[in-house]
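Next, two complexes with subunit A in common: one pairs it with subunit B, the other with subunit C.
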Partner chain A sequence: MQQLEPLIARCRDLVEDLDLANVKAWKAAHPRGIAIGYLPIYAPREIVHAAGGLPVGVVGAGEELEIVRGDACFQSYICHLPRSVIELALTGRLDVLEGMIFPSTCDVIRNLSGIWKLSFPGKWTHYLDLPQNFEPEMGGVFYRRILHEMYAELCAMTGLAPDTECLRASVRLFNENRRLVGDLYAARAAEPWKFGAKDSYLVLRAGLVLPVEEHTTVLREYIQLCKARDVRPLDNARIALRGAFCEQPPLALIQTLERAGCYVVEDDFLPMLRWPSADVSEQGDPLDALVTSWLATPCEAASRFVKDGSEKGCTLVDSTREAKAEGVIFATPSFCDPALLDRPMLQAALQRSGIAFTSFKYAENTGQMQPIREQAGTFADSIKLWGEA
Partner chain B sequence: MLLTAGIDVGSNAVKAVVLEETSAAPRILGRGKLKVRGGELDEVVRAAFELALASANVRESELAYIATTGEGENVPFRTGHFYSMTCHARGGLHLVPDALAALDVGALHGKVIRMDPRGKVLGYRMTSQCASGSGQFLENITRYLGISLEEIGPLSQRGAHPEAVSSVCAVLAETDVINMVSRGISVPDILKGIHLSMAGRLLRLVRSAGAEGRVVVTGGLAADTGLLAAMAESAGELGIALDLVAQPDSAYAGAIGAGIWGAYRQRKLTASAGSA
Partner chain C sequence: MKPTIAKEPSMLRQKDMVAGHYHKLGTAQERGQKVAYTFVPGNLTELMLSFDLLPVYPEINALQNAMRKLSGDYIAEAERAGHSEDVCTYVKCDIGMMLKGNTGPTGEKMPPPDVLLLSYTGCFTFMKWFELLREKYRCPTAMLHVPYMPDGVITKESRDYVVKQLKDVIIPALEKSSGKKYDEERLREMLKLSAKAEDDLVTVLESAKHRPSPIDSYFGGVYYIGPLFTAFRGTQDAVDYYRELREEVEGRMARGEGPITPEGQVSDERFRLVVEGPPNWTHFREFWKMFHDEGAVVFASTYTKVGGLYDRGFRHDPDRPLESLAEYCLGCYTNLGLPRRVELISEYVRDYQADGFVINSVKSCDSFSSGQLVMLREIEKRTGLAGAFIETDLVDPRYFSPANVRTRLESYFQMLAQKREGALAR
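Right, the complex of A and B next:
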């Protein structure tokens, strides 16, 4: 087992490497393999893996990349993520990817898929129309057809034949990975002083570019190493963070929240690593199992339709309580319609439950943290001094 | 007997106090204050803390809670950190129990904080990033004028014909002062002009925060009698009903507030652990 510091440093290197050297190395070691990118918030990574591919999460370029050409494609009232994705692609950094999956997260990602198709006509591009009808006979049938086609197309690219056992093995691997992601969240909620929010984020985000088998090992080691740490708890406020499920915050923002006296014990960063909320069945037809998992065991997300409006926010209240968070910070990317439209409903649910909250906006390249520091600091104080606990 | 420490890490100086909780108001047992002066911040913080412990004759292990504020978020031996406004409000209230607001004038910023009788922050206003209403600006000026910080207040109050200084920008204000020196303006008149300029800026802040009545002045500049006199004079001219009060411990207000909140948190945590 490696030591904690080098493990985190390696994850940080992976996260900050916009040239995807790790993906290139994987391809060099797997000559028939393909690398398939996917955007937030959910993609069936099992299908890509079973077809002999490496699923690669693309969540923007953070604060490191200057946007030159990306701005030409999107209006000023559009979030930052599509600009940096286009910038990455037009500067050749995503050339290593044979294809790209654009899930139906929002209009912006749909438009991004169109721009992508125009810009890279030779690349395999799949707009993943995730059904919002959750009846097995309707949305289920539709979704199974999509998954079936996607699997066949990807297999055609690698030369492998679609194979049920192979897909089941992939389902098993991703189930194991998701269980460890869940273990990490649970361990961090139990002893947040041992699991830094920023470090945990880096370890999780490394899973966007690492093969699932390797990421599972990294997660297991990280949890063990953190649990064994001898760290003194601080009198911090325990907070849950919501709204950062697509465009990711700069690392400095997570660090700022920690420094402002907050233990982040629950968040919605990188939902693709936690979706679905329960194991995909390893019995029966794995395509059917993936369909059922989308229909029946979702994560709460702004991009997923909820028929009964009164249910909106219930999962947030439950997860906040389960993680013993004392308040919720809504950290939302500027111009993120799904998150900003959802926020009033979520806030109403928190208000009904007597859970304190505050909110601010960011962009992936936000550099000025002082206002966020002040807001998070005063929020932490108000929880500690005027809250119940 | 609950002992706590409060450490206020400012951009110019680190202030530390050791407090004893009593049935009445908390009692200050010891104080420590050191300038940062470009040294290793961690070492300055530790040294100021040790000074406070020594003057209180208390060992670190006897402290139930070590609270930091200001830039003290990374002090490794802290128990918890509180935001500076929260601490100046509570510390100000300790120094002047009937204060309705605190005017914190530190090295970099001026802040007006309105609070309720429990020390809960009700609202605040803060100067912008420009440092012309702050202690750092004043310290720079003393270097141009060749005087010590302690001389500023008494000299300023002798100024009979104050010269107007830019109240918008520290760089422009410093240029104004250099020009005044070369024009032969007396030091008291220059200082009085600077104080009136700062007073105008701070009073605008007070007004925009909706603060009135008794206001406790906290932070390093609370000791500047020239500034307080200029503020009282300007408030009278502007018709702002203000009773500005500074105390000898005003520079420690942030640290005192942190220590008091630390004791409060310790009691709360003990109670919640007991009921669990």
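Right, the complex of A and C next:
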């Protein structure tokens, strides 16, 4: 087993490597393999894996990349993510990807799929229309056909024949990976002082570029190493973070929250690595199982319609309570309509449940942390004060 | 002094129709008539009317409020209530209006919805908007998921999916809200009327190919599409309106007259343009005047296609009622992928022999605006014409800067004039 520091350093290198060296290395080792990118917030990675591909999560470029061409593609009032993604692509950093999946997360990602088609006509570009009707005979039938076609198209690229057993094996691997992601969240909620929010995030995010088998090993080791650490708890406020499901905050922001006296015990970073929250069935037809898990998964997200009868925000309230968070921080990308339109409803749900919250906006390249530090610090102090009162 | 606007009979007729509709809404509760809220793109007006449900289109309320200079206050009210400054201003205008007592643009109180018919076509925000309204009104929401058409081609599978939802989700929900049984014969009759009116609208839109054009297809166009894109499709009123409109336009064409604008008739058609994107509503007249002053007439626009691409052949079909409603939802402009949007605008530029094209990029609308800079370059490449790119908003007066917009447009028109002179000199 590795030591903690080198493990985290490796994850950090993977996260910060905009040239995707490990994807290139994987392809060198798998000459018939393909690398397929996917945008937030959910894509069935199992399908890519079963077709002999490496699914690669593309969530922007953070603080590091200077945006030149991306700004010429998007007006100032569009969030930052698409401009850094297009910058990565136009500077050749995504050339290693044979194709890209654009899930139906919002109109910006939807239209980015069109930009992709216009800009990279030779690449495989797939708009993934996740059903908003959750009945098996409607949304289910529609979605199954999409998955079936996607699998066939990817197999045609790698030369593998679509195969139920292969697909089931992939389902098994991703189930195992998601279980460990769940373990990581549970362990961090139990002893947040042993799992730094930023380090946990790096370990999680490495899963966007690592082969699933390898990421599972990394997760397992990380959890064990952290649990064994001898660290004393601080008198921090336990908070849940919401709104960062697509464009990712800069690492400095996560660190700032910790330094401001917050233990992040729950968050909505990178849902693609956590969904569906329950295992996909390993029995029967794997495509059916993927469909069923999507239809039935209790994930609440801005891009997923909340049916009549289920209260918007109740999942947030439940997960906040489950993680024993004392308050919620809404950290939302600027100009992110889905997150910002959702926010008043989620805040109303928190208010009804007596859970404190505060809100601010960021961009993936936000550099100024002082205002955030002050706001988070004041929030943490007030939680402690009221909690003790 | 403001110029006197020559009002043609069809304009007066439309004004009466709109006022009548708002009055019906204002009295719906006392008359016991049920109300459905829905959105313009992919609206199922005939279906709603076949259940005697009165439709409310929140975007129309928002734009009407903007034209009456009410939207700024409503948006401020919504922002005070916690809505972000970053999001679509249609939503905030609507929520602000609701928070301030739900008085509609004509001064009559809007009835609460009995059902929110969420025809989820071409815009992600629609879903959030109705989730927000559902929280306030505590009424049922009927969700119709209309898949996006990334290649601009309607597939059988997508149509089947929509039809199945119409049968199994939407119709039962409307039956429940209205207390009436689904009557397919009645729906067919309405669709027959829709198709008639649609034929006439297409004749009107295509008249812009004539020189000089008798219509302006953007600023004037928003009036022409009004009844068909909203509460009147499927009614005899719409048929009468479009017949009258067509006759007026044909008359103007025969007399060699240009379009009517608030500043009077365009007599000197200097520039033929295609416009992409919705107009600004808070300064609608001022915006139009900027084009009028330069003799710029718009021959084709994409905004007049958000409620259907009739000019590309789509008609509601009484023989295939649910299938054609599904195809209608799937084929609305903002539900089409960017490559198809680029293709369509390039076709318009060619078909209408445009001198140039303008993209009005509105801050509110990711669905329209995201990707427009790439579209601009791609259309320039395909047509060989330079385009103009201006930025405004729909209903938030803070984002319309008259000086900036005017300067941009003026320099664009100057550039077009110089190009033309250069070509003549050669």
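The rule is simple: the second predicted complex is superposed on the first by the 384 of 389 C-alpha atoms of A that agree within 3 Å, B and C clash if a C-alpha of one lies under 4 Å from a C-alpha of the other, contacts with A are read in each partner's own complex, and residues count from 1 in each chain.
Definition applied: contacts are C-beta pairs under 8 Å (C-beta built on N, C-alpha and C of every residue); 3 or more make two chains touch, one makes a residue touch a chain.
In this text, all values refer to a predicted model and were calculated from it rather than measured experimentally.
Because the two structures share subunit A, they can be overlaid on it, and in that overlay subunit B and subunit C fit beside each other without clashing.
Remark: in the superposition on chain A the angle formed at subunit A by the CA centres of subunit B and subunit C amounts to 100 degrees, rounded in steps of 10.
In the superposed model, A:Asp381 lies in contact with subunit B only, and not with subunit C.
In the superposition on chain A, A:Gly114 makes contact with subunit C only, not with subunit B. Judged by the touch definition given at the top, the superposed model places A:Ala260 against subunit B, while subunit C stays out of reach. Within the superposed three-chain model, A:Leu234 lies in touch with subunit B and out of touch with subunit C [touch as defined at top]. Counting residues of subunit A touched by each partner, subunit B versus subunit C, the larger count belongs to C.
Closest contact between subunit B and subunit C, by C-alpha atoms in the overlaid model: 19 Å.
Contact residues on subunit A toward subunit B in their complex (touch as defined above): 234-236, 259-261, 374, 377-378, 380-381, 384-386, 389.
Taken in their complex, subunit B has these residues touching subunit A: 65, 73-74, 78-83, 85-86, 120-121, 261, 264-265, 268-269, 272. Residue ranges on subunit C touching subunit A, taken from their complex, read 81-84, 86-88, 91, 118, 120, 123-125, 127-129, 131-132, 134-135, 140-141, 143, 145, 147-148, 150, 157-158, 161, 164-165, 168-169, 337-339, 341-342, 361, 363, 366-367, 369-374, 378, 391.
Listed in rising order, the residues of subunit A touching subunit C in the complex are 72-75, 77-78, 82, 104, 106-108, 110-115, 117-119, 127, 129, 131-133, 135, 137-139, 141-142, 145, 302-303, 305-308, 312, 332, 334-338, 340-345, 347-348, 361.
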